[in-house]
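Residue numbering begins at 1 within each chain, and the chains themselves are lettered A, B, C and D in the order written.
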Amino acid sequence: HIDLRSDTVTQPTEAMREAMYRAEVGDDVYSEDPTINRLQELAAHITGKEAALFVPSGTMGNTIALLTHAGRGQAVIVGDQSHIYRYEAGGASTLGGSPMYVVPTHPDGMLDIDAVTHGIADESDEHIAATALVCIENSHNRCGGTVLGVEQIESITTLAHDRGVAVHMDGARVFNAATALKVPVSTLASSVDSMMFCLSKGLSAPVGSLLVGEAAFIRRARRMRKVLGGGMRQAGVLAAAGIVALEQMVDRLAEDHENCERLAYGLADIPHVQIQPDQVVTNILLFSLEHGEQQPFSNSEIDLFLSKAREHGVLLGRMGEKHIRAVTHAGIEAEHIERALTGIRKVLQEMRPA
Amino acid sequence: HIDLRSDTVTQPTEAMREAMYRAEVGDDVYSEDPTINRLQELAAHITGKEAALFVPSGTMGNTIALLTHAGRGQAVIVGDQSHIYRYEAGGASTLGGSPMYVVPTHPDGMLDIDAVTHGIADESDEHIAATALVCIENSHNRCGGTVLGVEQIESITTLAHDRGVAVHMDGARVFNAATALKVPVSTLASSVDSMMFCLSKGLSAPVGSLLVGEAAFIRRARRMRKVLGGGMRQAGVLAAAGIVALEQMVDRLAEDHENCERLAYGLADIPHVQIQPDQVVTNILLFSLEHGEQQPFSNSEIDLFLSKAREHGVLLGRMGEKHIRAVTHAGIEAEHIERALTGIRKVLQEMRPA
Amino acid sequence: HIDLRSDTVTQPTEAMREAMYRAEVGDDVYSEDPTINRLQELAAHITGKEAALFVPSGTMGNTIALLTHAGRGQAVIVGDQSHIYRYEAGGASTLGGSPMYVVPTHPDGMLDIDAVTHGIADESDEHIAATALVCIENSHNRCGGTVLGVEQIESITTLAHDRGVAVHMDGARVFNAATALKVPVSTLASSVDSMMFCLSKGLSAPVGSLLVGEAAFIRRARRMRKVLGGGMRQAGVLAAAGIVALEQMVDRLAEDHENCERLAYGLADIPHVQIQPDQVVTNILLFSLEHGEQQPFSNSEIDLFLSKAREHGVLLGRMGEKHIRAVTHAGIEAEHIERALTGIRKVLQEMRPA
Amino acid sequence: HIDLRSDTVTQPTEAMREAMYRAEVGDDVYSEDPTINRLQELAAHITGKEAALFVPSGTMGNTIALLTHAGRGQAVIVGDQSHIYRYEAGGASTLGGSPMYVVPTHPDGMLDIDAVTHGIADESDEHIAATALVCIENSHNRCGGTVLGVEQIESITTLAHDRGVAVHMDGARVFNAATALKVPVSTLASSVDSMMFCLSKGLSAPVGSLLVGEAAFIRRARRMRKVLGGGMRQAGVLAAAGIVALEQMVDRLAEDHENCERLAYGLADIPHVQIQPDQVVTNILLFSLEHGEQQPFSNSEIDLFLSKAREHGVLLGRMGEKHIRAVTHAGIEAEHIERALTGIRKVLQEMRPA
């Protein structure tokens, strides 16, 4: 199988397995796991923040951030296409009573600035939950791996900070964004109050994410992690793999981007595939299928396409109502891209769209 | 003052005051207040539902409905312009951990059906909160008092019920909607699972709203009312006024609508006022101000306009970033409309827009 | 019927009905109801606090207080016999994610000081929710209307304040406590951070309670009231009755206490009744029934007793597993006490306990 | 150091490290991690339940269980000495609006049956949150590792099930309980609706716990795990160690119990130590210190004792206000017990208690 469903399917590398095998560990609930401590220091250093916290998932990292920034009844502004709003099962609203105020997301992953401006509320009107936080996502999953540059980020953080509101960046794939933008991650993180990033996606570690921010914020986040059940014991075995991920797996993300671009241009040559390959900038691409001009595949036709692609050894995912998503990652090489294109071409020939 | 800020400013009538004075009361926490019981029976009868519950406010009625339909972590679909989403301070998300999924509202107050269709989630994907409820609003406050007809309502309820999802109607002003549509309220309520309506707006009672639905739903709602602190003791004094509201104040709503239409057409004749008077169907209108084509008044100019109007004895409110709202109600007669128009005309002359 | 179930059954007086009839009202959501404003000022004045907020029920007043003092995840210390813990359906924990830490209540209604001392937690241990608030109750319902004197209150407030923790007093019947102690209510309230008291119990107003505290606290409480749905419109009709309650009904509470004491001593003379009449200090008494020494009535025997008493025109309530509660209030005169005693005596003769 | 603070400090064994190194892994969010699946099947088999779910911590396992059994506003009955109530930072109340009703715990870790009986509430009284769940703990940490036998467990489950209430067992150390009772874990789990047990304590795995129950319950629990952020990716690396824990580390728990008993009897011989060694049945013991009869060490004296013990190479923990806790585990051999006793004896000689 050529598994393009997600970069979460990445397998730990041999170096990670050895690091787990040898990991020096302690009880992290007592803050005594030296490998966790080392990973947290490394994460803070790389992102340019004071402190970091290891958490078992990106969802938990985001939820901790929201609940630490926003008290009960304080609103969080999220983009309508954001992972936090759409794929974290209610998260901060379900667990912590922080309502979400939803603003449009532009196709490049950027929040609509006007909507954010008007959406930020203070405590003057008792009908309206006061805003505590704005969330951005970089790279942006549902927009097809698009990236926010420093100026875009700062246009949000300046606006928010002027109004006394914090900004959290869901940087599950921020190393992909930094790679695409050719800037250090710390540059992208510099103006946000907190950021979460994942070790288990493009960076190929088996488990874990980091939440970074000011030391006082991370202290409070650590208490929230405990409530959520994210306090683990000898988690240094995971952290050991995470350190390898940060030290050895960042540079190779550019390859994933090249492969994704290769796949995008290849798809653009296949009849019935709709894609804008010049907008593919990281390791995620979205495409759609149509019979002819403005005649999109039906829901069941998309499902059929996906199951036939699976039969041809190509695993793809759906994104929203009409898009198919492909994600490149470690283990997907140029040759796999060619085979995937061949498979997809065959499937569409078999389906003989009108 | 001619107070057009809201129909919530209505004063109790003499008949209501007398009814309150004479009200037979008991302890409603023991369900022993005969006047409350009579009001609840009357409300159920008028709306064609099995049972009703008296609550101290429309916000509480809506919040009880959401929390009774949707458990913790179950999503509620709301319109982006709805009162429940925008003016109830987070409500069900803040208090009960029911996240909101937000869909576009059309200018007539109708939810986007496609967005509702795609927004309803079942329990198959653990990333996404399963949907328990869809909320509609009729008449629609923020859309300018627009109404949903029976077919519109049923297009939502059919869709929702087919997917096992309930529908709640925020009918704070449903008597206005029914008046405009020339149908009984029970017709508008027939396909929804629950509805809240207010006694204290156009119907002029001092305090109170009713939540209606099936008997089993209302029994659970009653428990939720207690948690929220809405269980009152000898509230029959309020119910007595509410009964007068339902018996004496419904028929006169048509006058409010006529006055609102009169105001709308009058405003349409005033330079710099932007309004579509043919879309004014109940007792609420929205207008905006502009210097010339596409040159809207700034935020501070709108504020200045409102404070000058107040000096001229006309109280108006803001709605969203650019609209001014006027609401007609008992106590506002045709002559007040003329005086209000005169006042507004003068203010705009004084302001000498470019 | 002689209704001794609760002082909540009190009916509004003629003066209250007239006040409601004449009440000058406005929209309290705009803070424009002059009668509400007058009641709030009066309540603040009487209790010696900066500000007051009118709420539809004692439960809402307490819940607002807890949620305003304690954020999500911050603990509230409550007595195991307290109304807040036992009779408010989960309140702050259900709605606001503030867990309760439960300490023993002494028979006089006082919290166990050692348990409070050890129960207060700061943020040092991430396993334990930090304490934001301690709640006391005065007079104490489930302990049989017992009262806390100033020194008892201050022993709690001093302890709490030294640890940076606030104290809320559930003073649903604080006017009874003040009457029994022959001190002003303001004396009892002076060291607590907030207090709720009810107009609808001994003071006989139909609906409503007040939450009092510092101005900044009440501003935040007002926002919480809106979320809970306690923001009412022309609630001045209720406030008018409340003003009468505070001006005319406080002095007569001593009569209720005399009647309660009369009932207690009368009960003590009836065979099979267990009561300590010298501990009855306000308008609530508890008694139990036994066949002989240490042979308490069974659960179904108590139910039978209550239903037979009802047949004899005496309404009583249960409190906990073994106690029966009687509450005196306006409308219960000495003669009713005598008739109630006669009725109870007859019931016990009919039941012929072993 | 001889670390007797907790069995959470256990280190992964060589066999676990090798298993992690070799683990076959997949993306568990897609349920495609074969090692996770194998661990979950093994856990279900050993405990005699239909299904199991791997979670990152015992706290998360318990919290998922509570939130899955108890909806918002439904009460959970917990013991006043239970880990769930005291050491999980509010858990289900903070995150899910499920209030806790607290009952006394007997010294053997058993809940007070009368208090549970009276504490279970149905939906008849709107003042009282209806009960959804009763929690028990086995072995019982704060009671000193005491165990509940099958009859004790069934006395609770029979009572609860008769009232339509579920029972969850916090079996963080249930393998210790089963070892002490010489019964299979499945026997202890047979009548409870759900159970959580930890791999990371006596069983020495680095990270992870299992929640077990019926298949439908576990499906719902899996959704709750996602909300809480406990969905991990290639967590098979942890599960591999967990399988070793279940296959190789259960039998040796008896050694920990012998060492704990040895430590208990040794402590009993040391002047100023108060302990009941015959009540030590698993791997946890509690003792206190006193100058003489009824003259307990002060708070600061206990702290001094602990820090001096640390200087002598013996790490101990506090439990509650007056107890010191010692826990034996893999890596603590008979010789360490002797050295610990020598160290403690020296410390007490140095402190020269009165």
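The definition used in the following text is that a contact is a pair of C-beta atoms (placed from the backbone, for glycine too) under 8 Å apart; a residue touches a chain by one contact, two chains touch by 3 or more.
This structure is a prediction, so every number in the text was calculated from the model and none was measured.
Chains that touch both chain C and chain D are the following: A, B. Looking at chain A and chain B, the chains in contact with each of them are C, D. Repeating the C-D interface with over half of its contact pairs identical by residue number, the matching pair from A-B, B-C or A-C is A-B. The chain pair with more C-beta contacts between its two chains, of B-D and A-D, is A-D.
Rounded to whole angstrom units, the spacing between the C-alpha centres of chain A and chain D is 35. For this pair, chain B with chain D, the centres built from the Cα atoms lie 52 Å apart. Across the assembly, chain A contributes residues 29, 72-73, 88-91, 94-97, 126-127, 223, 226-227, 231 that each touch 2 or more other chains.
On chain B, the positions that touch chain C within their shared complex are 5-6, 8-12, 17-18, 20-22, 25-27, 29-30, 55-57, 59-64, 88-91, 94-96, 200, 206-208, 223, 226-238, 241. By the touch criterion given at the top, residues 29, 67, 71-73, 96-97, 123, 126-127, 222-224, 226-227, 231 of chain B touch chain D in their complex.
Interface residues of chain D facing chain C in the complex, by the touch rule stated above, are 72-73, 75, 80, 86-91, 93-95, 97-100, 102, 118, 126-129, 320-321.
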